[in-house]
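Chain naming follows the written order as A, B, C and D, and within any one chain the residues start at number 1.
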């Protein structure tokens, strides 16, 4: 029983939204998935990677305590019971995880230091709905250090690290989340965050749009006091644009998903490493000499191609867009149609954002032992459904690895059932999460402190300068030393010495 | 006596503009040079590269015929004398050069074939002012094949290949250009193109804006019949934006310089190769193990860094923009301030678009034999002027190579006197010129055939779809096979099966 | 309780040898570890990788059957009881593992086909002592198909896959091995292989030299009928050279460890991939932008450096040999002393074959969170013992990952306690094992069929031609097509058309 | 009139040898060209590269002085006339060239410093026959500084830089050489070096074996006093091995050509750069996206493949040796037969050491504009002779570039008429020449100082330790810092702390 098959598992996107009446938006969304803003990595912490990442988790979670947290009476050491977590006693283990994460999130720690004096979020009442992990905890405690009050729920019923939730509750954060919530639990937790006597949020930090939606539906008046929404996921951003188009967005919203820094790290740099990691962990294959076809040469495809080429694979590329196609050529990849190489390749990787890129017909023609996996937008790229026919036998050979066997004995190796390989079979480096979290923090500060009128009831990208600031906060990790413009140079270039250094539309 | 020092030599940009009253625009331009649209490669064929590129040139040009073409009576074989070239008898040599260029410009040849039936430029009267090379000739003859009438002058007093001009004249093109024009000749030639009885241009193809300026100044009424301007250079585009801002642009103009395809080829892909070529031709140095600092990590810097790293150099990067800086880190380059490495590096390369990036102080601290060169926007990046002091000795050791010698015997190796290395010391591949020429042709077709009102009196970028078309015309060179969307996929993505495949703002 | 700490765990090499009186040889060995022939990969299947590799293992091994196999009465389906395995009923699961391995060992399968007609091992009675894995099973069944009779024991008390052993026993191979043997079991199993009534081995296949040693010690007369020994490990080979030097080697021996093909795959190609895999699985770190120092630029170091550079790390190299040092320079790595960079690097990797390359002093100076690991010959490269002092705290954060914490809170991340990272923390691709197994099979065939007198009582390398043959059998995996010499060309080069193509001393 | 077509032009090797009765050796040589020791780079300075390399040459050589140097009366400023050069007055220009070369040959300069005190060549009387270039001059003056007396002739009738010869003569070296010697001049010069009253050589430094041969033939008694021969070229080395085999070698000889350091630089590192340089200078092609087939995956092929792959070309490899073939696969190149890709590739490069690798049949099938060139051993790899048939038209389009045109208009681009591209069309970096020259100097010192009996009448490779010393002298160029073994480590490894660090047979 893979969690991903369960009703509410939200791998990448989508979530509960079918249920609440958002039908037209979903349709709309399907029409035009943006390749650029293709997924929310912070939603990506899959069951397995979570487990392996946190050693604490393993030995404290084995408690076969089946009581629902909602039915428990728990207090933290200061006597507060304004939270709902699995087991407050796990707080110490969670604290250790948070401390380790702090070491790898220097940007947030720097933000704490730099901005602490002035408390730029003093007075902010933030309600949040994200994955609850050690990295999120570092974000929340940073927001707290900057002056904000926070209440928090989980955006995914499986991804909560119970120990971390306990640690947050112990240090005074009203957190409502545990691993393995039911659907009803999910909405109950969200409601407990916003429906409080004597406390009303003035900022929203959302990942997927469920929190935002809940307030829209249940407490629309709350928006009168809300200064803005910061949203991180593709789906959530899409929902916001829909609202905006329909004239129904009543506060400014910041689209964090499409900030340049986040995009480059989510896609190009992260995938460059995770394609290797994901393939290795699932198959132990050797890359050298292998023939690979990568479908799609956007940022994700570029990352995959570069990594595999560097490891000695022979890489073919398919593309629909002649500009990306020409780039693939110049980067040294033969541009082919999938049909031309399907019989000879050892690995097929999809990164298109499109559907049915690998069809049953392709699968029928692959050679024995061919590995098929998806690094793209959703699980539609490979037509996995077409493999669920009686003449084919499925064999689960490892977690996330199926052999699909043809009547003549040919087997293909399907990874993660066509879902995102990097989210299912490799971990997301803390460094990438750090970039996202820092961007969220800055977006909150920006919206909260913006002078009246700077932001209308619309969806905004983070100002270039803020994007640059996020980047600059991560440079010390690499002991990287930025050059400063002289006055003369700044004048020559017509730039402010502190940036922004590029126009907003500049993307590379 | 380097040609580049001469008054009218236009390496890169700028040209005659100081002379004609454009003072304010120039000022403006200096304030904000765009890094992206940083130079016009078709202006780039320097004296030396031209010579070596055309073998024909060498043995027919040795005629010490000192008569000015303006004083000669020449007719082509059909009896026409509506042209002015160095020597019509060189036509045969020029024709051979054109034929060779045709082989490497398959996109234009395909355009001839595909569009010939319908003659999309039937009725077009194009006046052009560009470098006159074999590649331009292929463009002109393509325009002719598509139905246009053309008259042509040179945009640079040095860059004309006389044999090619002769070949064009011989086949009936009124061409007014020769190598080594005087300033007066330059304007006379332009005037002969536009000031014709019974013929009035309805399209302008310009490279640098001199032709456009001439018409503005002398024949403003001509604009009534002109359907549009296609401009290719940074400078020319800048002038057009100035006119537009000032409300003085009276026809639509197409900015060809900033089309995505052209940019990637001009900068990333072309520089990746030309940095190696330029350094090798001038210094015969070995790249392996050399320490290099590259100032600036835009597209040009990225190309330089990638190439040198691949050849075994150790590359340091300087940047002012934290986003580009972070990219440099992730790509495996140490990000430093120039001061930190200036004593140890073997090569310094500037690609910033900024001024005085390498100062006299830096130059003083470089180690013996350090090579200094510029791949960036203009010759201001290295403060070469600061080296013109009495205590330093200059020794010209080869064409484009100076040793500057300090009193203690230390010498630095300065390439191309700080001008663009790739334009001065390496050649521009025909393939890159082909992309530019194809883009120009399509821009002309678009503007000429656009329905009334599609384009206002403004500066436009080539529509994404056209950009994609240019790319697609170059794919056959690589035997590259594009994938087509199925109907179902196109619907899913909300795209037209024939593109455009990306929004206009998409840049990678 | 890590298995590696147990008495008989043989990571890399060495094994039981201390116990049996080999003291002087061991000393000798320590004096001169060969970097080239540095380890035996087939000895490398560590506890953890074994587990994860075989899914079968997991669900059949959970039987808490504590009876010693030696005390059990088992028969296979044909009624034979000439074997001793954990549980003969697991045979079916083991068979499936073998079938999967067969698909990735095409060379052995091809050998079966090509050589089956003539049965080149007809009459051979091979006694073997190696790891017992699916890959070994494919080797054994290949030997059987070529005509040999085999009896087999395990060379490592932990590495036996019980299901595979069961499958071999079921199909008639007298196998004596199980996972978790005691020391006494270990020698008992070996003895059961050789001490049989009515059967005497005429060939030995050994991995580590324990089997050979046992026969020397207990049944020296057996050597009269033995045609040769094939040995695969560094240690075993070293022992043989010692015997040879001492004039005590009484049969020819083939050193399989140092064959060119095996070496390149064990070291350069395998390490290029496993360094990334090992680091990722243990730390989930991001490689991009990280500063790494690699100690040693032999084949292993070259592989590590190339991989990390390709992933965007900044790599420094230390070397003692100026020739390798110059290669590092030309390949684009700064050559430093460890002291110069120890404070700034994020990762330290040893690949020297030397001892105490990383000392306590280095460890004291590393920055917080620095990762330290070893890819070299043995666990002596990092002075791990020096970290076992009271003021330092060790925290096991994951399997194979320790945080060592200084009084001031600084922590370094030590992987696999300084043992070989790639053996402990990543898996060995079947393809690499296939090359080794094929080499072993060919060495057996060569020795068994060699005409009297071709091989003396000495240690030999596999003839070049055989090495080439092993390589050629693996080319079809890559759909690689070899060019054949024409008669004229062969004559011109003075070569036989079928090879050998290079002199024996040629190494690249 | 290409010099290479002239009778005595010696590109690569061989020289005058046909003439002097060495017929059988030549035959022998043709039978077995060693790929490893494939060519003599110091013989490589082709006419064109020489010209461009030395700016001095151009403006002083234009003297149309047609008097033979043999007929001139010249004295240097000290009154000596024991030399014969073109024009002693050019000495100053030559001195400047030598000074520039000194800056790039730090190893020789270091050798001067380190060894000067003890004058290890005191008493040595060296007669030399090599190319006479600025780099050779640095070598000669180093030998002088170490105590040797030298007399010198040129090993090639075209390669002498007259200014450098003049500078050497001016500073007292008896040099007999000029550019454009006749065959008779060539032997006259050699004779003037050895046939001197009151001076008899005791060491020979040869490049090609002509000097050695002359002494054998004319003054065999001279060998009584000669302590050894140092030979650098493939041909010369081959001759020495022949003499040795025939028992006719009467002094020890040192084979400098096959020293590890030299080989790696001559082949892998140098070719990695020169393939790009050679292709760019001759064709101005763009590498990105081009399909290339490289025939042969030895060191040269590896260098070519790596460079082109890095520049974005798609590279195919052909091989006859399965071991090299497997390496090509693991390095990410498709291994094909030439026939399979010949119709689709844009470039064909041979690096095999074999003959007729590219046949007329292949040439017939190439596509239009395909570029064909040779980086291998000799001009036999491409069957150029097969293109000299009436139906094909040859067009020389540039120096070293021919278009061969088929009746249907298809043209292939043949570079350097199939001779070595890197020698004909690119320059050899001084750094590579520095390695060779240093190796020569050390070989002379070794042979001259070796105790009686260390070297017999045989051909030797430079001892490993000397090879390492050459490498170490070049490390400062890269600011590379070697690590030193501790006493404990040296003992552990069984090594001397000063090397040699590897056994003699170790090659990587």
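Rule of thumb we're sticking to: a contact is a pair of C-beta atoms (placed from the backbone, for glycine too) under 8 Å apart; a residue touches a chain by one contact, two chains touch by 3 or more.
Only a predicted model underlies this, so the values are computations on that prediction, with no experimental measurement involved.
Common partners of chain C and chain D, by the touch rule above, are A, B.
When every chain is reduced to the mean of its CA atoms, the largest separation from chain D belongs to A. Chain A and chain D, compared by their mean Cα positions, are separated by 58 Å. We define each chain's centre as the mean of its Cα atoms; on that basis chain A and chain B are separated by 42 Å.
The mean-CA centres of chain A and chain C are about 40 angstrom from one another, to the nearest whole unit. Residue positions of chain A touching 2 or more other chains, listed in rising order: 269, 288-289, 311-312, 329-330, 334, 478, 480. Those residues of chain D whose C-beta lies close enough to touch chain C in the complex are 30-33, 36, 260-261, 264-265, 269, 298-299, 318-323, 325-330, 334-338, 340, 353-357, 467-469, 471-472, 474-475, 478, 480-486, 488-489, 491-494, 499, 501-502, 505-508.
Residues 52-53, 55, 100, 103-104, 269-270, 272-273, 276-277, 280-281, 284-291, 307, 310-312, 344, 368-369, 397-398, 426-427, 429-432, 477-480 of chain A are the ones touching chain C in the complex. Residue ranges on chain C touching chain B, taken from their complex, read 288-289, 291, 309, 311-314, 329-334.
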